[in-house]
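First chain A sits with chain B, and in the next complex the same chain sits with chain C.
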Partner chain A sequence: MYKAKIHVTLRKSILDPKGKATHQALQNLGLNQINNVRIGKLIELDIHADSEDNARELAETACNQLLANEVMEDYQIEISDNSS
Partner chain B sequence: MSKTIGVIVFPGSNCDHDAYHALKHVMGAETRFLWHKDNDLSGIDLLVIPGGFSYGDYLRSGAIARFSPIMQEVIQYSKQGKPVLGICNGFQILLEAGLLPGAMLYNEKLRFVCKNVYIRLENEDTLFTRGLEKGELLDIPVSHGEGNYFIDRDGLRELQDQNRIVFRYCNSEGFISAESNVNGSVDSIAGICNPTGNILGMMPHPERAVEPLLGSTDGKKIFEAVLDNLAVA
Partner chain C sequence: MYKAKIHVTLRKSILDPKGKATHQALQNLGLNQINNVRIGKLIELDIHADSEDNARELAETACNQLLANEVMEDYQIEISDNSS
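What follows is the complex of A and B.
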């Protein structure tokens, strides 16, 4: 059993209004060393696969076809072995 | 011959009855609901994908609705050149299904915008707008949190070159500026069509502007145009 952690974020070139508003609030808190905030989502998948490569391939397919919209989003996949 | 209109209902659609009322009772057209699990579009002359929050907007607006059984039929139907009108969430579903290009971001100012706006007709040569005048202003409400239309530079150029921007947000004088752009959309885009002009996606709600009681009847002009154009087709 593998676990895929998928981070979906808005593409760098796209303004992230939620991140911007949150950044403003952090500045209001006095946390002025924070220069930028980007907000995305974390999706976790439990995958039955016989190898890490297969698990990654499956997660890729899930991202391409549904989990991320590549018009506006990027994604990163982290795979870990959960069988223990 | 009278035309039959199908209004698709997804779990979470909430403008389906408004669209039904506008088409059936105001326009007097034969109209019926189509459940998202239906897969028979025979006898339907115009398909409307209404607004709302299909599947609770989970993941992204329209992303899950795209996998409803009826969407495979909608793709086939549209390939035959038959008309599909996606309003608000319906537009988002058309984008997610790849029937129209681009994607919707959160409104630039992060607020759900629900108010009447003016849109300017940019392309009077689609099945939905033939009979209206280029540059004509329509007073129609918007009601969305994710209507900030995004497309990359090349995609935008293609839309512009192929005259596929159908409506743009403007002020009451017809001028387009940052202030009149209610949600931050690229090029103030409020509605676009496919290359053959039989699929129209728009964020404003024409079905909410069909009777004087609603404050505007401009939405009716779009329904009149498409029904007239279908009658002569």
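What follows is the complex of A and C.
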């Protein structure tokens, strides 16, 4: 069994209204040293596969078909072995 | 300048309806090898601080005051130096 961590982030060129609102709220709290807030998704999955490559392929299929919107988002997949 | 990546995840004991819906949708797509889907947030920030420790402290303050709901969520902070 493999664990996948998938980071889905908005592309740099796309405006991130949630991030902007969060940045404003942090400023209101006096945390002026913080800038450039972007908010993405972190998706954790368990994958039953017989190799790490197969697990990665399945995670990529899931991203392409459902988890990420490729027009606006980038994704990054980390696979770790959890067989123990 | 430091970059912080903050992973905010629902505690294991808390039901994750978004994750459940995503899991169901993946099953409907025929991706039956995927289980245990949990969806969290990935927050990326730039922090102006004079040391990594200060940057981490600021990120923790931001998490405690705004970014994470400590009753239901856990967070994990990764700081990287981006001065170059």
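Please note the rule applied: the second predicted complex is superposed on the first by the 84 of 84 C-alpha atoms of A that agree within 3 Å, B and C clash if a C-alpha of one lies under 4 Å from a C-alpha of the other, contacts with A are read in each partner's own complex, and residues count from 1 in each chain.
Here, a residue touches a chain if its C-beta (ideal position, glycine included) is under 8 Å from a C-beta of that chain, and two chains touch if they have at least 3 such contacts.
Note that the structure is predicted; figures quoted are calculated from it, not measured.
By the touch criterion stated above, A:I79 is placed in contact with neither chain B nor chain C.
In the superposition on chain A, contact is made by A:V71 with chain B only, not with chain C. In the superposed pair of complexes, A:L42 makes contact with chain C only, with no contact to chain B.
In the superposition on chain A, contact of A:A62 is made with chain C only, not with chain B. By the touch criterion stated above, A:I34 is placed in contact with chain C alone, chain B being left untouched. After overlaying the two complexes on the shared chain, residue contacts for A:P17 are found with chain B alone; chain C is out of touch. Touch counts on chain A: comparing chain C and chain B, the chain ahead is C.
Within chain A, the residues touching chain B in one complex and chain C in the other are 66-67.
Listing the residues of chain A that touch chain B in their complex gives 10, 14-15, 17-18, 21, 66-67, 69, 71-72. If you check the complex, the residues on chain C that touch chain A are 7-9, 22, 25-26, 29, 31, 33-49, 58, 61-62, 65-67.
Residues 59-60, 63, 67, 95-96, 101-103, 105-110, 150-152 of chain B are the ones touching chain A in the complex.
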